[in-house]
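First subunit A sits with subunit B, and in the next complex the same chain sits with subunit C.
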Partner chain A sequence: MELENVNPNVYNKVNERLITAEEQDDNVVDEIDTREVFDLIRGINDPEHPLSLEELHVLEESLIEVDNDRNLVRVLYTPTIPHCSMATLIGLSIHVKLLRCLPGRFKVTVEINPGTHASEHSVNKQLADKERVAAALENRHLIKVINQCIVSN
Partner chain B sequence: MGKLELNQTLGKHTGRVWNVAWHPKGEVFASCGEDKTIRLWSKEFGKWSNKVILADGHKRTIREIAWSPCGNYIASASFDATTSIWDKKSGQFECNTTLEGHENEVKSVAWSQSGQLLATCSRDKSVWVWDVAEEDEYECAAVLNAHSQDVKKVTFHPNKNLLASASYDNTVKIFKEDPSDNDWICVSTLSSHESTVWSLAFDKTGSRLATCSDDKTVKIWQEYAAGNKEGIPTGDEESVWKCVCTLSGYHTRTVYDISWCRKTGLIATACGDDVIRVFKEEENSDPNAPNFAMVTCIEKSHQQDVNCVAWSPNGDILISCSDDGEIKVWKYTE
Partner chain C sequence: MFKMEISYPEIFKQVPKDSDDFQLQCNKLSKDIVDKQKTILNVIENLNSYLTDPSHHKREYGTHILSEVISKLSSDALSLQELHFINKFYTDRLRDHHEVIPAVLRGVLALMSQKNYPDGGCTEMLSSLFQNVSCQQQQRGDRYNIYCIFKHCLEFRSDEIKSMGLDFVYGFISAIDSEKDPRNLVFLFGWLPQLIRTVSLGHLKEEMFETVSCYFPIDFRVSAQDSMGITREALAEVLAPCLCAIDDFASDCIGLALEKLGSSMRIAKLDSLNVLKMGCGVFSEESFLLHSTELWASIQKEVYSASGDYEIESLALDTLSAIVSRISSSNTDTFKALLSNITDTSKLNLRPDAKLFSATGKILEAVTKSSKVSAEHVIKQCIPLMMNTYQIVSTIPERLIVFQQLISIVAIYSKSYNLNEMEELKLIPNLCLQAAIEDHPQIRALGLKSLGILHNALSEEIRVNFYKSMRVYLVIKQERIVREAFHHCLIQLTSSYTKEVLPVIQEVQISSEDDLIVFMDCLVEIALISDDIFQFLFQKCIGDDLNTSTHAFSALKQVFIKQESVEFLENYLQKFDFLNVLIDWVFSKLELLNTRDKMMKDVGEVLRVIVSCHNCDKQRIIVEKHLNRVIELFGLNKIDVSVFVLSGLIVRLDRAVLSDFRMPDFIIEIATKTTSELVQVEAFQLIANYLNKLDSEDEITRILVAIETSSTNVDIARQVGLCTWVTKALVMRSHPQSDKWINLMVSSLKMHAPAAMGFKIVLDESYDALSTKSNCQKRLLYKQRFFTQSTKSINEAYDETTTAHLCAIAYMLEEIPQTVIKMQFEQLIRFISLGLDTITELKPLTAIFTTLDNLLQKKDPLMESYIQTLLPRFLKLSAFKDSMYVRCSAIMCVSGYATAGYPLHKVLPFKSDVIVALGKCLDDPKRLVRNKAVAARMYWYIMDEPI
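== the complex of A and B ==
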């Protein structure tokens, strides 16, 4: 298969999260924060390159919002090029990883960072349609591809 | 103000419950979901319980079920691209017919009021009308390709052979059989929603239609027949449908389903914000610009998205189901 974006920019990974004494104390309620959500998804592999979504700057912690009171998680991602045909697959991989890892109470929204993709609206609409996402996840071929992206190296 | 009181919580399905449907007599209802089963619920000693499980009819999620008006058949629409017809000729429900033809997921299925027609719709953008012939033969009477995207829902008019469909293309379409050549044609396109139309429901007269959408609104449409006294132009002989009311500002996420009670006239909605809301038309409201008020709203009615709401034929019970795997039975009182 020919690569769409032959030479993507590669960025450094952030340092591992430092675990504080408070976080190790089971008596302290530790709410889910943007860093925790980022850590769940930053290792997802790009479908084309042997690089993580973090290294390609597809995902950034600053583009994640978490509202614990209203059970909302919103992730914006930036395709490497505006015509990336993998945009829906990448969004779906992020969505699936969060559906599997976060408590069921969270409503997860995954959208393209505004202005970074030619078909932003239609990709967002597809990712927000839980019926189409559910049907996609019953497709054996597709779920295999998604699982390959999700497994961290 | 009305009141919805939780009567019972029913949890038997594994995973998301997509749909619940009342038997026309109101003593039994069916549910279906991700676990590929249909469950029949009936009352025993004042409590609803799951008596019958219909399995092995579908290979993938069952998205919707519909009872025939006589109550002897159940049709089930599945992501496996087929629609199954279950009958109880042997004494218990069995799948004896499978309707094939759609290219991918079947999203919805509905019977006409006479039971002589069945409609299905799919992600393949088409709506199919099936003639129910003698000996349980189902013949495809029409393949309607009027929508430009995934079709989410089909429903028949309460007393005419008029079919309405809702789509991911943001529109609702009305179809009928052309009496001159028996071809099914699209007679009206209802445009106003700004995103996917997930569901729709006629009122008891069939001259009004309520629709709900991913744009977080509910809309009420009024039919104006040719020669109407309001003077609404209709062009040819066909009726026009006009949006006469938009309920906005109530729902905070996608509205997945709507049920218009044929007994009480109340409208219930199922929303992605986990809330069930009930709306009532205000007294003396102008039929050409009606006002609807929210009469009750149950926050956190389920732990996750509410996928479906269904008023019982008597109008006294509302059933809801959710992504959280549960079905809830609510008693409505004025």
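== the complex of A and C ==
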């Protein structure tokens, strides 16, 4: 298969999160924050390149919102090029990873960063459709590709 | 005179060539010759029918027998005359059928090893060999024999081969040309350089070089099993000296190396650089001067494009350094042009934001290293530029990069030459001094480190200026990197200018406890550099201010621990009469010291080191001199901390010395009555040390009885503590009484739950007072015996109302070898599962988890068998409320089941339970637990999914 974006820009990774004294204190509650959600998904591999979504700036911490009170997590992602045909697959991978790694109380929304992809609306619609996501995960071939993306970190 | 001859053909007819009988017969013949029962001529005559048979098979057999017999002879068994005759015979035989040749070659090799081998024999033999035997058509072993013949001639008959002149060279080249077997090549290349240097190659030198250079670079790729122990590296290592054996090869060799350096193969580059580097020791400077431009261009390319290949980069730099060093003495225009070329190229990259800055810096360092001329050139051309850049650049990282590079170059120069000889370098120390007082810690650290590196080149003015700043560094707490850099600088300056540093140290103003701690840390670094400084520290220890003494003793302890050489310490301490002065001071202040148990512990540890430095006789004198004073003082004043002094004197004593002294009774009294926990533990350990090392059973019984008597009236915690240490001492030496004390320990579990910790203490080997370093007895497998015995007792005494028994088992699991756990796992699993169900303390639970996790990581089948027992308990504990660490450890074990690689059908039935249970952990209040749960859940998710 020919690569769509042969030479993507590669960015540096952020450093590992430092463990603070509060995190080691049993009596303090650590709320789930944007950095934690970012850490869950930043290592997801790009389906085309042996690079993580973080290194390609598909995912950025600033584009993640977490609302603990209303139990909402919203992740915006930026495909590397506006015509990227992998956008849905990347969105699906992020969605699956978050479903598996976040507590069930959260409603997870994964969308394309507005204005960064040609078929932004249709991709967003697909990702928001629970039935379609569930059906996609039944597809053995698709789940294999998604597993490859989310496991390799 | 000689025995009746028996026909050898008749004997050997029955014997196959490769049988033991054949060897036996040959041995017999050789022995007869050595014993003068026969002569070699008799043997040849007797073998005549074989040796002259028309069938080459028989001739081969006959020659083989003869060669075998000769090879078994001692080196002086044959006379000159006999050797003349046999040599002629063998020379002639080289013309024989090709199947006969291998046997002939073996014979020739054996003949040449004879002491009386005739002069001229070699020439004759080699001429015949060159003429009649085509070496490369022989088999591997026979070719090896031919090379052995050459080597032998080179080592013992070099005059003959020299006199053969070019005939030999030609024959030799023809023989070795196109050898392919790596074993033969390693052998051949091993002595080829010597041969090339011995014989004159004349017009054949190019042929010789060609023959050898065709192997360069070695490209040998055979799997480890097939390589017969020969590696590419081994071949490359022996080939390089052949290529640079003589100066005549210079031009060809440099050309070849340059050509291969340009190739894209990594090994070609490495081999070429190696050859060039080696050539610097052999080839003349003219050869290098002739190629200097190309060499610089190629090496420069390698350094600049090494991109992280450290091996190529460092070898290229070493080669550059060697070449510049080789041609430095010429001082010709070509050399100067090369240096200008190097510095001109480098100058372009000396901006800190340049991609090639670091590589350029390394090149300049390599050239500086080469010779004085080259170093001066680099400094004149580049240092002013770098100093200027350092002043101009504004960001800290850029300043750091430039400064570091600048100092690296100057440091190389200052190692061999005087910094003040060069105008360009005069400002460098000042620059370092300025950096050392800057605000930014990294610059400050670099400045201090540089002052340390250039310590020999610092002028008095600079030093005096620095001592002013040093007063601050000696007492003010700094960032870690600054502190380390200052310590480095302080060590260097103290080593070179002790007399100047000492007053600075003596005059330091201490205004707070923090200052004192920083100051003592500095003294630890330099205490042993000079007697005066050690004396200064020691005076601080035994001064009137006990607060200073506390920190000073802590420092002194660290000084002793850092210094491992016993002889050094012994001499040092004798010089100061250290021990007596110290003990006198302690006695004079004993009452004041009673509240300072932490300091006294340090004093005790210092004393331990001192005592262990002495031999048995001296130890005995020390104890005799001081022991009674300690006992008397305690009797008079009842001072608890005297136990530390006693422990310092006793703990490290040799067993033979200790047995001569009775244990003072008051130690038990201190142990059972003191209010200080430190004193109490020290007393326990001291008693244990006695019990473990004493030889006299009576004395041991006396102590044990005294302990039992005195511990009846004390609180249970002390009783348990004392019991633990006594048990440890006895168990370690496998004393008959140990079972009784183990049972006592087990029975105390019901009354006092913390007694469980004692089981860990017994098995823990980290205590100095009961270590082999303190000359304690440690029997083999004592841990296993203790574990077996105590588990048995615990099993009998187990009581459901307390978890102490289970905690005791848990603590032991942490300390005993895994093999013992595995052996007793079936009995232990009951306690482990009960422990996981009922224990609520963090430490014993963690101990169980650590043990089980280790088994999981090693994919132990036991964990597979007990998955049904263990996994549900791990899942339950993954929601353990009281401690996040228990939750983390439990999740780690759950994860371990997924990653260990157990058969899928064993673990898969638990998947849905695990996913649900870990799903709850994803909402854990602690982030660390959530992170572990996420990882574990992912492993379980993908366990049976396609990837």
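Please note the rule applied: the second predicted complex is superposed on the first by the 151 of 153 C-alpha atoms of A that agree within 3 Å, B and C clash if a C-alpha of one lies under 4 Å from a C-alpha of the other, contacts with A are read in each partner's own complex, and residues count from 1 in each chain.
Going forward, a residue touches a chain if its C-beta (ideal position, glycine included) is under 8 Å from a C-beta of that chain, and two chains touch if they have at least 3 such contacts.
The shown structure was predicted, so the numbers you read here are calculated from the model rather than taken from an experiment.
Model built by superposing both complexes on subunit A: subunit B and subunit C fit together without a clash. When both complexes are overlaid on chain A, the residue A:V29 reaches subunit C alone and has no touch with subunit B. By the document's definition of touching, of the two partners only subunit B reaches A:K125; subunit C does not.
Looking at the superposition, the partner that touches the larger set of subunit A residues, subunit B or subunit C, turns out to be C. Of the two partner chains, subunit B is the only one touched by A:A135; subunit C is not. By the touch criterion defined above, A:K144 reaches subunit C but does not reach subunit B. Touch criterion not met for A:E65: it reaches neither subunit B nor subunit C. In the superposed model, A:R105 makes contact with both subunit B and subunit C.
Figure legend note: subunit B and subunit C, brought together by superposition on chain A, show a least Cα distance of 9 Å. When the two complexes are superposed on chain A, the residues of subunit A that touch both subunit B and subunit C are 104-105.
Against subunit C, the residues of subunit A that register as touching in their complex are 19, 23-24, 26, 29-30, 32, 36, 39-40, 100-105, 140, 143-144, 147-148, 150-151. For subunit C in complex with subunit A, the touching residues are 882-884, 919, 922-923, 925-928, 930-931, 934, 937-938, 941-942, 945-947.
Those residues of subunit B that touch subunit A in the complex are listed here as 16, 34, 60-61, 63, 79, 104-105, 107, 123, 150, 152, 168, 195-196, 214, 253-254, 272, 303-305, 323-324.
Residue ranges of subunit A in contact with subunit B, taken from their complex: 104-105, 107, 125, 128-132, 134-135, 138.
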